[in-house]
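Next, two complexes with chain A in common: one pairs it with chain B, the other with chain C.
Our next item is the complex of A and B:
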């Protein structure tokens, strides 16, 4: 995916020259390997900052909310679906955006790579098509990218942007034969006691830093329910029940909106697989309402419409 | 999540449907009583040393 970099820079430069955008949102290389950062640039001189490789796992849609200027933004499959969600939820208008679409082949799971090199400090990473090489003080290893993809990328079925003004490359082949909800089905098969234990165990390391919320483009409320103190909806300590309340509610606020971009899991400092909460809701949305978030601008968000053929009796 | 089926209920009741409200509340109470006290998702008070 490295070959996209030049194209992104050129496109951004052209947009500034033609005065089509006031700001361009993309990624730049992070100060640490595998940690690319979002960057907002405001003139053509800065385009060389822009970068793209398999470590662009943060969601740029976060930076769109309620902006009033004209924005250029790069978007792969999941990010583009979040842009659609933002537009249908009136957080940004389509006319403000110039979307540079990126066909995406998945992001590297930085934790899996860390584990593979036995937690030694990685000082540099280089990508060569389908492989990548990590270098440290006294080691150098080359891995197959496909063996180290983020878990959400492994089961992704929307690699190509659903909305764009320009593509940097022809679309990539979509993965079709993936069992997106294999893990969810496994949890659904547990009895209530086992389920409780499972979810208690995955969140028991949570330090309530709210990085997952901050990284999520869906969490744009001016005041989050966890920050409010009058009324105080949920306790602020790391009491396990308060933590569980936070995780359940965070997931529910994403119901019918989550695009499984994986930013929440990527940023978690203690590695909680919180996609297990949102994925169940995505599965329900798909099975009960044939809904996948952010695929088209023509549909209202799932939870603001009512269908007379709703599967529940009580609502009719 | 680990909350037993029958402990959590959802319903749509208009403010004009007082009798439906009563019926649903009775039904919910009956089902929850049958399940017995909840074992999980209970916030314990902080222990004071």
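Our next item is the complex of A and C:
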């Protein structure tokens, strides 16, 4: 993926020179290893800040909401699907965007890498195509990238952008025959009590920092339901029932919209596997309505259409 | 003051014995990270840790705390009368707290305990807590305690300090509370000169291992309004997702909100941590929000820590250099970089 960097910088520079964009949104190298930072640049002199590698885990679509300027933006598969969702939900207009498409081979799961080096401090990371090397004070380890992909990337079937104005490289091969919902099926097989215990257990460390919500490009409500005070839907104290209410409602608000970009899980400071909530809804959307979010601009969002042949009796 | 030396096995045994005097909190491995938990038969203390993911501030200042309770039942004589909820001030010892986190209690103290205002709950819990520190032999790459008035073996805010000498722990009492803790601790023997010397060497070596230095020297003389209007805030704030990770993990963030929660006719008045990153934090009853924009909230966090606190308390910055926000910020907002920008302006 490293070869993309030059191309991204060149493209951004050209866009500024040709006055096609006012700003360009991409990633820059972070101050820590495995941690790149979203960046907004506003002229051609800054393009050397732009960077791309397998540590670009935050979803850039998050930074587009309700902007009014002309924006250049890099987008891999999932980010591009969120851009589509953003456009169909009127959060940004297609005309404002110049999308630099990035064929993606997945992001590195920084937690899995930390585990692999037994939580020792990683001071540097270097990528070499399909492998990467992490270095610390008294160790150096090389891993196959495919063994350390984020869990959402492991089951991703849309690595190539679905919408773009230009691509930085030819499309990559899509993953086929992945069992996307293996974990969801396991949970579906549990009896209600076991299910409840499972979800109670995965959120028991939640500190209600709302990083999952805020990292999600779908969460753009001017006031989130948890922040409403009149009426107040959810208690503010760290009561497990309130915390569960938050997580379940957050997930339901993403029904038919989630692209499984994994940002929620990546950002959680206590490592909650948040996607266990949203994935079930993705599975339902797919099985009941043959729907995957953000694949084309021609379709209205799943939950704002009515189809006469809906399989449910009550709605006909 | 007492100085003792324990083999590591003896130390664990001593902690078990101390349970009859204190509720003992120790670092425990919990999945991918460490957390302070009450010592019991099932918990194995793990002193081989960098630092806990969450700061131990919640042991003195819980994320949610019932402060008052009341009944709305008009048939009872005490209807609508607010009464203080029962609280647990039994003696507590936090064993293995890192010096930065103990220093943090000293940093937040002027907020909860000053001549004008005394927060009774914070003060009573703080006073019933004994802080037994564990010096950092190998500080992390994001640690910058030495730049903000602390150090890997700083005694600030601690009642006793442990030195990990390999097979043994050297422990020094630093206050009356620490002295009482050691008096109650079984086993161990008086530290000899060799052990004391080894402790000193360890501390000196550790201080040199801190590679991160930030400058805070010019913050005090800056004009608040100039920093407030500095040109860099938009750039600093761009990537921020406005979550509460930094503030909730921070050992020196103290802001709270008070809420009433009522179930049928029973009500509780609860104090909850709040975060200046959240829009609701400053939302007025009128509907006006003086910090409606992300950039205003991000600026507030840094201005509070690195300028308003400095000016108000003349007690350094409101940061103990633990590096948690640096390591855990989802968007890589790095206080070290922001501090440099502010100090350099």
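Just so it is clear, the second predicted complex is superposed on the first by the 316 of 316 C-alpha atoms of A that agree within 3 Å, B and C clash if a C-alpha of one lies under 4 Å from a C-alpha of the other, contacts with A are read in each partner's own complex, and residues count from 1 in each chain.
Rule of thumb we're sticking to: a residue touches a chain if its C-beta (ideal position, glycine included) is under 8 Å from a C-beta of that chain, and two chains touch if they have at least 3 such contacts.
This one's a predicted model, so the numbers in the text were calculated from it and none came from an experiment.
Asks: Answer with first, second, both or neither: which of chain B and chain C does A:266 touch in the superposed model?
Replies: Second partner only, chain C.
Asks: With both complexes superposed on chain A, which partner does A:315 reach: first (chain B), second (chain C), both or neither?
Replies: Only chain B is touched by A:315; chain C is not.
Asks: Which chain, chain B or chain C, ends up touching more residues of chain A in the combined arrangement?
Replies: C
Asks: So in the superposed three-chain picture, is A:235 touching just chain B, just chain C, both, or none of them (first/second/both/neither)?
Replies: After superposition on chain A, A:235 lies in contact with both partners, chain B and chain C.
Asks: Scan A:170 for contacts with chain B and chain C and give back first, second, both or neither.
Replies: Neither: A:170 stays clear of chain B and chain C.
Asks: Thinking of the overlay built on chain A, is A:111 touched by chain B (first), by chain C (second), by both, or by neither?
Replies: second
Asks: Once the shared chain is lined up, is A:209 touching chain B (first), chain C (second), both, or neither of them?
Replies: Only chain C is touched by A:209; chain B is not.
Asks: Can you list the residues of chain A that meet both chain B and chain C?
Replies: In the superposed arrangement, which is not itself an observed complex, chain A uses residues 235, 239 for both chain B and chain C.
Asks: Per the contact definition, I'd like the list of chain B residues that touch chain A in the complex.
Replies: Listed in rising order, the residues of chain B that touch chain A are 1-5, 10-12, 40-44.
Asks: Which positions of chain C touch chain A when the two form their complex?
Replies: By the definition above, chain C touches chain A via 30-33, 50, 53-54, 63-64, 140-142, 235, 238-239, 241-245, 247-249, 257, 259, 261, 270, 272, 275, 278-280, 283, 326-328, 330-334, 336-337.
Asks: Quick one: in the complex, what on chain A touches chain C?
Replies: Counting only chain A, the residues touching chain C are 30-32, 35-40, 58, 62-63, 111, 114-115, 119, 121, 123, 205, 207-211, 213-215, 223, 227, 229, 235-239, 266-267, 269-271.
Asks: Write out the stretch or stretches of chain A touching chain B in their complex.
Replies: Residues 192-200, 235, 239, 241-242, 244, 248, 312, 314-315 of chain A touch chain B in their complex.
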